[in-house]
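Same chain, two partners: chain A is paired with chain B first, then with chain C.
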Partner chain A sequence: MIGDDKIIEGCKKGKKRSQNRLYEKYAPGMLGVCLRYCSNMTEAEDVLQEGFIKVFMHIRNFRSEGSFEGWIRRIMVNTAITYIKKNVKYSYEDIDNIPADYQEEEDVVYSPVSPEVLIKILQSLPDGYRNVINLYIFEGYAHKEIAEILGISESTSKSQLSKAKKFLRNKLEEKNKVLTTSTANG
Partner chain B sequence: MNQGYKNIDDLFRNEFKDFELDPPEHVWENVKNSIPGSGTNNSFYRFRYGGIIGLSSILILAGLFSFMDFSKTTDVNTNAVTLNSAIEVTNSQVQEPETGASDRENVAIVDFTNDVLESSEEVQTQTVETNKNILEIENSISGNSDTENNLITKNTSPANDLNATVSSFIPDTDSESENEDNLLAMADGTEHMLVTSLPGTHESNVKSSEFNENQSDGSVENDMNPSEPSAPEFKSDYGKKGNIMLGLSFTPEITFFPSDNKLTNQSYSVDGSVIYKFSGYLLQSGVGVQFASDDGNYKVDYQKFLGTYEDVYNVTFDTTASGVVPVYHTQTVEVYDSISRVTLTPTKNKYTYLQIPILFGYGEDYKRISWFVKGGPSVAILINEGQPSVNFDSGNNRVLNYENELPARINTNWSFVFSAGVGYKLGNHISITLEPTMRFYMKSAYERNVVTTKHPYSLGIRTGLLFGF
Partner chain C sequence: MDEGFNNIEDLLKGTLDGYKKQPSPKVWKAVSLKLFFRSSLFYASVFILLVGIGTGSYFYFSVNNTIQEVNANSDILLKPTNETDQLVSESNTLKETFESGNEEQIITNNTKLKDKIENNEKISEVPPASEVLAKTQINKYPGLPGLNSDDNINPMTTIYPPFTYGMVNTLPEYLNLTSAYSGFNIVPKDDYGRLEASFALGAFITPELIFLNDEDNSKKSAINIDVTGVYGNNLFFEAGIGVSISEDDGKYDIKYSQYDSIGYFYQVNSFKIDPASGQPVFKTTLEGLYDTVNYNTSETVNNYYTYLRIPVYAGYKIREFKRLSIFLKAGGIYSILVKSIEPGIDYTNDNATDIVIEDETPNRIHSYFKLSASLGLSYRLSNSFDLSVEPVYNYYMQPVYERRLTNKATWSIGLRFGLLYKIK
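The block that comes next holds the complex of A and B.
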C-alpha cells in the first residue's frame, strides 16, 4: 500500500498514476461529503469533479503539516458552498414558518437510520439551511465562522440551525425514527 | 448494536462517519482531462521521448557517415603515412649498400623489414598476414637475393612494394633457392588474396613506393618492376571528403522577454554533439541538458490570530440535592482577524530541459584557426520541475491560501538557433571553440494566457571542445 506522502509527491510532479491513486482513495468519501451539501447526485458529481480539479491544481501548495484528507475535505466543502451560492437560488419559504426554538428533549431517542435515508432527508432541506447544518454538525464550525463563510449574520446562522434541526426531526418522526424514552421502553 | 442516539447531531455524525459512494467513471475522466499537463506531463515519458528523438538523430547521422564511405579513405591515408614513416627509416639505413654484401646484412635488412611490416599490423591485419608470409619466404631464402628479387618482381601486390623497395638494395648472391617454384606459387597466392581483400591498400602502397623512390636519390627506378601496372596518381583527400567530430560544450545563456521586462532569466546548458563535416558544410545534432530558473514570489493569504474564547455549545441540567444546576459545555474557539492579509515570500522555481538541436552550417579550416556559421531548429523538452515549498512562518496565524505567482512553463518549446564561431586547434584531433549563439523561441516558455509575451529570444556564448577523427 503506497502511503499518502508518496502519492502526494507523485501528484506534485504531475504523475498520472499518482493522481489516479489519490482519486480512487478519496473520491468515494468525498462524494459522500458532496452529497450532503447538494440537493441531488448530479450536483454532487459536479462538485466532486470541480473539487478534485482544484485539488490537483493546488496540491503543490499543500504542506504536509496537517491531515491531507482534511485538506481535500475542506476544498470539497468550499467548492460545494461556492457551487450552491453560484448555481442555486435560495428559497427558505417552506421552512421560514418553522419557529427557531428547537431544543433537544431529554426523553427522545433517535433510531439509527441508514445514510442513504439521511441523505434524502438532508436533501429535502433548503440549500441555505443544509449548509448551516453541514457546517455545524459535520465540520464543527461555530456560528461566527459559519456566518463568515456563508456571508450571513451569526443570529441568522443560529436560527437557521434551529429551524433546520426541527425540520429534520419532523422528517425523522414521519419515518418513525424518533422515539420518546417511554415509547422506547414500553 | 447501536440502540439509538440522544440527539440529532450524534445521529447524523455517526451515521455518516464512514459513508462512501463510488463515483461514476465519467467524473474521473473529466477530472483527468481537465488537469493541465496530465498524461504527457510525466517526466519519464518526456525524457523517454526526448531520448528517442536524440538517439534517432544520432543514428541518422551515423547512417549518413556509413553511406558516405569516407572512413576507408581516411584509413588508407593513415596507413600510407605509417608505412612511409617506417620506410623512410628503412631507406636511410640502407642508402649505401655494398656490392657483394654478406648474408648477414641481408638478414639484418629483412629483419628490419619485418619490423616495418609489423608496424602496419595495427592498421591492416590482413596486409600484415600477407607480408608475414612473404617475409617467411624471405627468411627461408636468407642470403639468396636473386630468388628474393624474382619473387618481388613477379609479385604485383601493392603490399610487396615495400619489400621491393627494401629488397632492391640487397646485393645479389650466387646461392639458389631449393624451393623457388613453390615460393613463387605461394607469393602469387598471397598477392591474390591481398588484392581482392584490400582494394584500398594498393593506393597507399603505391604512394609508399613513390615516396621511397624520391627519398632514395634515384637508386630505385620507377620501372624497377616492369610487370607492375602503372600506379594511379595519388591525390590528397584532405578537406574534400567528410569527417566526423564530437563536441562537448557549455553554454551560459540569458533569455529576454521583449513584451515583459520583468521576466528575464538565466540558464546554463551542457551538451554533447556530433558534427559531420563535408566539403565545408556542417551537419550537427546531439543532446543537451539545460538548467533554468525563475525568480518570483509566493503570495500567502492569511488571517491574523487575535486570541481565544470559551464558547458554550451546550447546556445541560443536573439535578442535585440543592436543586437543578446548569452545566455549561464549552469549547475553545480561536479568533482570527476577519480581514485577510497578504504577504509575499521569495521563491525560485528550477527547471531542467532536454535539448535536441539539428543544425546546418558552413565553415572553413585554416592551419590552426577555423570559423563556422550554423543554424537550425532545436526542441526543448521539460523533464524536471523543482518548486520549493513556501518559506513562511505562520505562527498562530491562519493561512488561507498559498499561491505561487510564477507562471507555469510549457512542456515543449521549439526554437531556432543561430550561431557563428571560431575554433582553434590545440592538437591534431582536438580544438577549442567559442561560439556566440542566438536562440529565437517559437512561443513563450510559459503557459498560454498566463504571460502575454511572445517570441522571447536568448543570447549565449557556447564554449567547448571538439574532438576530430
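The block that comes next holds the complex of A and C.
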C-alpha cells in the first residue's frame, strides 16, 4: 500500500499515475461532501471534477504540516460554494413560513436514516440554507465566518440555520423518523 | 447508533460525516483531460505546432505569390519586339566583351545597354524594378567583372529585372542568372525559370530501439506513427504530429513477513553412558526452528507509455536517379507524455503477512526533446505517391526518466517507412 506522502510527491511532480491513485483514494469521500452541498448528482460530480483539478493544480502549495484530507476537503467546499454562487440561482427565499427563531425540542429522538435518504432531504433545501447548514454543522464554522464566506449577515446565517433545521425535521416527520421522547418511551 | 439521535445536528453528522459514494468514471476522464489542457506542456506543444504551421505557410504562400507575379510579368516580357531583338543583340556584344576580358569596355557596354533599356518606352511600362526585384529574388548575382562587389549590383538584374527575366531564357548560360544560382534557392525553378515547389502529405511508421542507458533498463522498443506535411523540393521542410508508444518495465519491490523455518537443531531427549567407552551417548531428534522471517522479492510487469510527438525537419535531396532519390534530413522531435499504462501488481501469498509493495518504476518525465537525423531513400511510385525509407538516429536532449543514474546519453535508432501523397 503506497502512503499518502509518496502519492503527494508523485502528484507534485505531475505523475499521472499518482494523480489517479490520489483521486481513487479521496474521490468517493469528496463526492459525499459535494453531494451535501449540491442539489443533485450531476452538480456534485461537476464540483468534484473542478475541485480535483484545483487540487492537482495547487498541490505544490500543500505542505505536509496539516491533514491532507482536510486540505482537499476545504478545496471541495470552496469549489462547491463558488459553483453554486456562479451556476445556480442562489436563493435564500423563505421556506414554508418557518419562524426564524425555531428551537429544537429537547424531547425528540430521530431514528437512524440511510445516508442516501438524508442526502435527498438535504438536497431538497434551497441552496442558501443548505450552504449554511453544511458550513455550520459539518465544517464547524461560526455564524460570523459563514456570513463572511457567503456574503450574508450574521443574523441571516442564524435564521437560515434555524429554518433549515425545522425544514429537515418536517421532512423527517413525513417519513416517520421523528419520535417524541414520550412516544418513544411508550 | 441504532437508538437514534437527540437532535438534527447529531443525525446529520452521524449519518453523513464520512459518507462516501463512488463517482462515475467520466469524472476522472474529464479531470485527466482538463489537466492535460491546462498544463504548460500543452501550451508548449501548441506553440511549437503553430510555429511549424506558420513557417510552412510563410514559405507556401510567399512562393505561390512569386509564381503568380512572375507569370504575369513574363506575359509582357517574353513578347518579342524589335526593341528586345535589338537588346538581345546588344547583350551578345556584351558577351563578346565579357569574353575578351576588357573591363573598361564591359562597363561602357553595360552602361550603353542600360541607357538603351531606359530609353525604351515599352519596357518602361513594366512595373518598377524594385518591386519585381523583391518578388523574383534574383539579385544574388555577384556582379560582372569591373563592378564593385560592395554594390552587389548587376545592371541586368538589379535595375531591370523584368527585362532580364525575359532574357534569361534567351541569353547564353553565363548570363542566365537564375539558372546559375538555382541551386541555392529554397525552391527550385522549372524549365521556364518559374519557381516550383511541391507540397505532400505523408504518413510514417517507425519502429525504434531506444538505448536508455539507465541503471536497470538498457534498451527498450517503441513504435511511432506520424502524419506530416512536406513542403519544398530539393530543399524541403517537414512538420507534423504523431504518437509514440513505448514499452518499459514496471518494477515492484515486495516485502513481506512469513512464519518460516530458520534452521534446525538436535533436541537431546536422553543419554546414557556407553559402558565400553565410558562416554555419554545422546539420543536426539532433529527439530525445526521457526520464526517470522522477512522476505524481499521483486516483480516486473510491462508498462506502456504514449507520447504525442511533434516532429519538425529540414532536409535536402542530395541525388536523384530517375525514380529514386536520396535525401538527408535533420530536425527535432518534441514529445509529451499523454498516457501511461501501468497495470501494477497484486501479490498473493496466503502465508505472508505485512505485505508492502513498493513501486520502483522510475518516473518518466512529461516531455522531452530529441534531435533527429536520417539518410533516406525515396521511390516515386507514381506522379502522386512516393515511398520512403529512412534509417533514423535520435539523440535525446533529456533522459526519459526523472532520475538520472548514469551520465550516458539516451539515444535511439529506427527505420522510418512512409508513404507520401503529392498534393501540388
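We take it that the second predicted complex is superposed on the first by the 181 of 186 C-alpha atoms of A that agree within 3 Å, B and C clash if a C-alpha of one lies under 4 Å from a C-alpha of the other, contacts with A are read in each partner's own complex, and residues count from 1 in each chain.
The criterion applied here is as follows: contacts are C-beta pairs under 8 Å (C-beta built on N, C-alpha and C of every residue); 3 or more make two chains touch, one makes a residue touch a chain.
Everything numeric here is computed off the predicted structure, so don't read it as measured data.
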{"item": "Clash or fit, chain B versus chain C on superposed chain A", "value": "clash"}
{"item": "First, second, both or neither for A:Phe52, with chain B first and chain C second", "value": "both"}
{"item": "Touching partner for A:Ser111 - first (chain B), second (chain C), both, neither", "value": "both"}
{"item": "Which superposed partner A:Tyr23 touches (first chain B, second chain C, both, neither)", "value": "both"}
{"item": "Partner chain in contact with A:Ala142 - chain B first, chain C second, else both or neither", "value": "first"}
{"item": "Which superposed partner A:Arg63 touches (first chain B, second chain C, both, neither)", "value": "first"}
{"item": "Chain B collision site on chain C, chosen from 166-174, 292-300 or 364-372, when both complexes are overlaid on chain A", "value": "364-372"}
{"item": "Those residues of chain A which chain B touches in one complex and chain C touches in the other", "value": "13-16, 19-20, 23, 27-29, 31-32, 35-36, 45, 48-49, 52-53, 56-57, 104, 108-115, 118, 122, 133, 137-138, 165, 168-169, 172, 179, 184"}
{"item": "Sites on chain A touched by chain B in the complex", "value": "12-16, 19-20, 23, 27-29, 31-32, 35-36, 45, 48-49, 52-53, 56-57, 60-61, 63, 104, 108-115, 118, 122, 133, 137-138, 142, 144, 148, 165, 168-169, 172, 179, 184"}
{"item": "In the complex with chain A, residue positions of chain C that touch it", "value": "1-13, 15-24, 26-28, 30-32, 34-35, 38-39, 337, 339-340, 342, 356-359, 363, 366, 402"}
{"item": "In the complex, chain A residues that touch chain C", "value": "1-2, 10, 13-17, 19-20, 23, 27-29, 31-32, 35-36, 45, 48-49, 52-53, 56-57, 104, 106, 108-115, 118-119, 122, 133, 137-138, 165, 168-169, 172, 179, 184"}
{"item": "Contact footprint of chain A on chain B as seen in their complex", "value": "2-13, 15-16, 19-24, 27-28, 30-32, 34-39, 41-43, 311, 313, 333, 338, 385, 387, 389-390, 401-404"}
